[in-house]
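Structures follow.
In what comes next, chain A is part of two complexes: it sits with chain B in the first one and with chain C in the second one.
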Partner chain A sequence: MSETTRLIAGPFNRVEGDLEITLDITDGRVREARANSPLFRGFEMILVGKTPLDALTLTPRICGICSVSQSMAAARAIAQAIGVTPPAPGQLVAALIHAVENLADHLTHFHLFFMPDFTRPAYAGRPWHDRMVTRFTAAEGSAIRSATRARADLLHIMGQLAGKWPHTLSLQPGGVTKAPDARDKVRILATLKACRRFLESDLFAAPLEEVAALDGEDALDRWRRAAPRGDTGLFLDVAEDLELDRMGAGPPRFLSVGAYETPAGFLFARGLFKDGATGPVPLERVEEHLAHSWMTGATAHPFAGVTQPDPDMADPAYSWCKAPRLAGETVEVGAFARQVVDNHPLARALLRDGAANVRARVLGRLLEVARTALALEAWAAALSPGASHMARSHALETGRGAGLVEAARGSLGHWLVARDGKIKSYQIIAPTTWNFSPRDSQGLPGPVEQALEGALVKPGETTPLSVQHIVRSFDPCMVCTVH
Partner chain B sequence: MSPYTVLWLQSAGCGGCTMSLLCAESPGLFDSLEDFGIKLLWHPSLSLETGAEARAILEDIIAGRVRLDCLCVEGAIARGPRGTGHFHILGGTNRSMLSWAREIAPLAGDVVAIGSCAAYGGVTAAGPNPTDAVGLTYDGAREGGALGADFRSRSGRPVINVSGCPPHPNWVTETLMLLSLGLLGESDLDPLKRPRFLADHLVHHGCPRNEYYEFKASAGHLSEQGCMMEHLGCVGTQAHGDCNIRPWNGEGSCTRGGYPCINCTAPEFEEPGHGFSETPKIAGVPVGLPTDMPKAWFIALASLSKAATPQRLRDNAVADHIVTPPAVRSTKRS
Partner chain C sequence: MSQSIETFYEVMRRQGITRRSFLKFCSLTAAALGLGPAFAPKIANAMETKPRTPVIWVHGLECTCCSESFIRSAHPLVKDVVLSMISLDYDDTLMASAGHQAEAALQETIEKYKGNYILAVEGNPPLNEDGMYCIIGGKPFVEQLRHAAKDAKAIISWGACASYGCVQAAKPNPTRATPVHKVITDKPIIKVPGCPPIAEVMTGVITYMLTFDRMPELDRQGRPKMFYGQRIHDKCYRRPHFDAGQFVENWDDDAARRGECLYKMGCKGPTTYNACSTVRWNEGVSFPIQSGHGCIGCSEDGFWDNGPFYDRLAQVKQFGVEENADTLGRAAAAGVGGAIAVHAAVSALKRAQHKNEIKKGSSMSQGEE
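The block that comes next holds the complex of A and B.
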């Protein structure tokens, strides 16, 4: 019988927050992986007893990178509980603010978090390595600097519409706190044009419309060979050379709760994709398991869930993260999941045996960059100076509501129960709670734990490169995960 | 010239201070650091090194093999459960961030608390403070915290609190630039150890709602343009920060975005004792006076100015866009 060795990788950085991965390795392959989210803050305990509107100030501060998504989820949960709907112009501005954050997050992930791993000396001599070092050396690379500037420019839309980023209070149950005027509208359009210029010169070296229209592997291959394709082309070269499409297969089930709801409906559909088709999401069958979490309590739907950390951190638990399951199963969430659920032909073509992989996750994100940037331009052009952007609402006394939104890295839910004007219960499931969950009551691993099984471990590696690519391909946000 | 070395640790916070920092502009973050010879030894979001490589950097600093000029800590320090600090064990180290911070901080030339969590506890310490979170040298408004009130870095200076939730990106870059040039001394800090370049201003300074404030033309609901002090919880007249002097993300600030200043640079802002967007009142009079203003004068001036409010401001204060523009008049003397 082959010997099993254990590696403990951490602090696992460039993941937004802190992460530790334990790897049991046999014959140069990961046999089992365990994801530990090592930071607990207890937002669900902090919120109990406060007035419901306080969630609008406190929950964005769960996460500095998905701050607006947290705002949106809180605003939606309260809006549902009191039965208020923002006027159409307010919905549009909220969608715009939210999509700008998600687009900025995608740029941050690709340039600052994911790509630098390919600059490592271990890849010296690969045909793409020199270009990678020039473009993506941490803190120094030309792409890192230009993308950071482009991201800061894009976030001017936050200054224009939301005061600041992160941690705005502009998203309210009844709408948004600032009604843009005509000058705001053209300024936002100008910022989006500048963003398009960056995307079309550096990231894609192609028109956004062309990227959004790619409808399969053949089209992608023709597009790639027709001209140099910027940093996307560089990634495609790496993906081919390192066979990133054979790395990191997750569960063959994808969830999206639907992204950017305007009066026209969702831009990206809500649904559960499994067995080759998108169906409805059985939201009443969301449950969090606690068997391998440092938590006490029973498996429960988030309207009935509790958060009671176990100060003894007793075995067999190994993470502060709870283990959410949908109808008893793991699901993968994120940009790629959204594009699959939305039935984009390129995303569907990137699946291997019905599952995602490192290449698919990253390309799915890039595809979404193009589609989101196009949607932003259309929404900005549709802004309505002079219209009311806020509906009057009343205080929430007793009731409950669920706020479901898509953060950059996947589905986010807030489940709020209020009684007598105070928060009685507030439960949160963040995207990386889904993706980086520990094992559940049946001992079944979470999505990233599954994706790591079989990963290649080379002699002498302390944090195997394959493991780094797989983990970071999910774009994890560890501060959201446990909250 | 040898670089000014910075180690950045993230503890019990949201990472938003780093996300804000990446919004630095003209020049951008990485250019700013390079131009001032500031070298990030390690940053959890920005550095290549991971796992064992990152641990080696920490060990080099502790062993004295690498000089540490500045330790930046982002996020509160969790002391729980039961004083162990185990609510945040730094990944891969089996050791709490509380323990790491206590060992590394005395080795640093200066220690900078980045954001209100690292400075005072911040939102992580809100409500029942489930993790017993504190700032580096403050527990809310009381001195103490994770390192203790008497803590001094190698320079002899106390922990410098670049508070804010998040801090403006250039509060951080300018603090590091000043430190790298030896231009930030203890006398440049306010009583809460915040750099005076940001703390000697009030959020009220430069607020575009100032004319509404002068005439007590108040917004009654969020999205309206009037002053938010009377009804909507705004404490910009008491909050320290140059938020309306230097804009955020291009042209923004909280009050420009249509929502109240919640004094996020101050200790215990996370527990205002009332809703964040409502003003507590006694007998109809808002509690909490503008900083340095005698109460009797404030009430007298407020009632006088309320009586003199131009109709234009009355109209615009409760609208979400300008409904009555200022009259056009010649300012020339004939």
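The block that comes next holds the complex of A and C.
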């Protein structure tokens, strides 16, 4: 009975980019999993030799759905290298633009990528299945339509503050090119009000403040039973029925490099959560391992790293993705990680044995939606028309800088080294590079590979449902992973 | 074969779209394509009587920005209708199935609609290492592309990736990313470049092809003239400042605050053919120049290697006057050349007014704003 069979799951739909997972299955459970990102474009090679400022337009093209995070990281890396700090109003506008994108991404993930899995015929007969089909059938469910609409409306703010989205251009090392006027401020506030209406009617069926104030499992349970709770309630029903909190445990370590920096500090703290507490992040101990990547070179910090694909794609490597480690260990990143690191009591209560799971990741994201929407309203109210939004800066000749930001899917870093006005080296670690990394030089699996171990595989399943739930709970963005 | 395929009208009705909404869609489409109200009944008639055109949408090396742009197109009705038309067939990002089921769905669609479907390609194939830099279902994407293209009646190359290679083809092009028309040479191909293309341009092109069952008129590069017939610069609302020699020289100077011309900050509007300055972005809200940042020329072939992006274009001539921006700026300030600048500014204003009238008219008929 303990025979091992191998299954290759993929290509996955409803994730950004391409992903393939090799599963070794014993006794109906995944014994080992290997995540492969089968798409490589070579951004780090293309950037070398270019003018440093060109990173502002090049790097957003890594990803069409988190392009603002990429340009934020590039702007920060250059800003650090030349030693410029945007004026406070510029920081505020940048935070607003960035948070709008992240919020929109969370809505896309929940409505378009994650929930439609539960409409499958395999779940017919479950008490929640009919509601699910009505709300979340791919491309035509009522929740999908209303969320797509709400998201498009929300992104009007991107148009107003940043000209266009995807691939926004207005973020610069010294601030933002667009200083909002009084009319912009009014329109942005109106757009956020409409967004709040959507969230409070469809997604939570409750005030945002109430969601943000939930402080543990008991509070969540009372809240859920007090009234119908929209699509969040629907998810809670599914999570309970399918025991999603026992599915997909990742590593018991969470990283956040800090989200939305304004003169008031980070909205969501920077830190490394392990052993029950949040501590400082040993950033100098970020390293990328290449032992199981189709890359040549040595383990290195991104300031010293190189990107040289191995054309032979030699064993034992199995992915284009490098394997980033923090002080030699894997870490999970993402919305849930941010909320845990920020010490939100509900997020901490959702942990099981110190690790995340499918339910925790999705609820963490929803919690962050509520908290982010509230922050957006406060920032919009604080916009200062007429103020200077850009500090005078100069061209980068020689120097180095790290740009660290929190994208929707987790920690994103750009490490730039410039010499004589040209980029000498540019290394990028994206959120999904952390989460979907292959094994490292010690042979230790990456976070999603670990989370898949033990997943249930039913007879006849070719792309097991449990595997899909676990994979999608991370909200992978494979185009970012390997760039 | 074709009698078994429904008409578009039947599809829409089945998807719960009312006849009233259907007729509204037809008039919106006529307006979006610049065809005038007389064309609405023709569109309606075509959609009621002709079998729908199936669409297969595949993804190669790319960042999904084209899909992202597309699913946010302006009018919810247009988006719903177009999505309902294409989601019936095959699209890897949005569809419900996964894994082998998805592969089977693709194969089934190809066989069922042999010779009848439009293949929409987002991204491009890398050809180095036998295409192994982009693997779909265990095979290089270039194979999926060739296979799906063989029985397509036409191909849409979405975005700069499919049209020109885009960022992954920038020097040194590590994977030898190659635009679709260099791999598929025996099919009609329409290029809809931009990084990404504007949502309304995407829906406009696909609606035109689905409705009239033919390609719109193309320019020499294979782009639809209706959207790529003019330069950003021709319809830019900051054009009067260019003509008057008023330029931003620093992101935070007074000229920047007054919204003057971004040419000296590297704006590529004068050499870029696209509809950004007329259709605009995110449902007509804005476009890069309106946010104080120059155009980077993302709908032009090889734009990544025309950088640096923040260096000005060399020697752009202004309305036949043999001066560049520096000398003209000085001349205008000295009051010589001023008359010409005024003339040009007035004509630009007239164009802008005319455009606003059209815009107002169409948004009124949409019942929005």
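Definition applied: the second predicted complex is superposed on the first by the 482 of 483 C-alpha atoms of A that agree within 3 Å, B and C clash if a C-alpha of one lies under 4 Å from a C-alpha of the other, contacts with A are read in each partner's own complex, and residues count from 1 in each chain.
Quick note on the criterion: a contact is a pair of C-beta atoms (placed from the backbone, for glycine too) under 8 Å apart; a residue touches a chain by one contact, two chains touch by 3 or more.
Small disclaimer: the values here were computed from a predicted structure and weren't measured.
Placing chain B and chain C on a common chain A by superposition gives a clash between them.
In the superposition on chain A, A:158 makes contact with both chain B and chain C.
Contacts of A:385 after superposition on the shared chain: chain B is touched, whereas chain C is not. By the document's definition of touching, both partners, chain B and chain C, reach A:10.
In the superposed model, A:169 lies in contact with both chain B and chain C. When the two complexes are overlaid on their common chain A, residue A:179 makes contact with chain B and with chain C alike. Touch criterion met: A:19 reaches chain B, while chain C stays clear of it. In the three-chain superposition model, chain A touches both chain B and chain C at residues 8-14, 16-18, 20, 38-42, 45-46, 50-51, 53-54, 56-58, 61-65, 67, 112, 116, 119-120, 137-140, 145, 148-149, 151-152, 155-156, 158-167, 169-170, 172, 175-179, 309, 311, 313, 320, 388-390, 392, 462-463, 468, 479. Touching chain C in their complex are the following residues of chain A: 8-14, 16-18, 20, 38-43, 45-46, 50-51, 53-54, 56-58, 61-65, 67, 112, 116, 119-120, 137-140, 145, 148-149, 151-152, 155-156, 158-167, 169-170, 172, 174-179, 309, 311, 313, 320, 388-392, 462-463, 468, 479. Against chain A, in their complex, chain C makes its touches with residues 15, 59, 61-69, 71-72, 76, 79-80, 83-84, 87, 92-103, 126, 128-129, 132-138, 166-168, 170-175, 177, 195-196, 250-252, 256-257, 276, 280-283, 285-294, 296, 298, 304, 307-311. Residue ranges on chain A touching chain B, taken from their complex, read 8-14, 16-20, 36, 38-42, 45-51, 53-54, 56-58, 61-65, 67, 108, 112-113, 116-117, 119-120, 137-140, 144-145, 148-149, 151-153, 155-170, 172, 175-179, 181, 187, 191, 309, 311, 313, 320, 385-386, 388-390, 392, 462-463, 468, 479. Put simply, chain B touches chain A in their complex at residues 10-20, 22-25, 28-31, 33, 40, 44-55, 78, 80-82, 86-93, 123-124, 126-131, 133, 165-166, 221-223, 247-260, 262, 264, 270, 275-277, 320-321.
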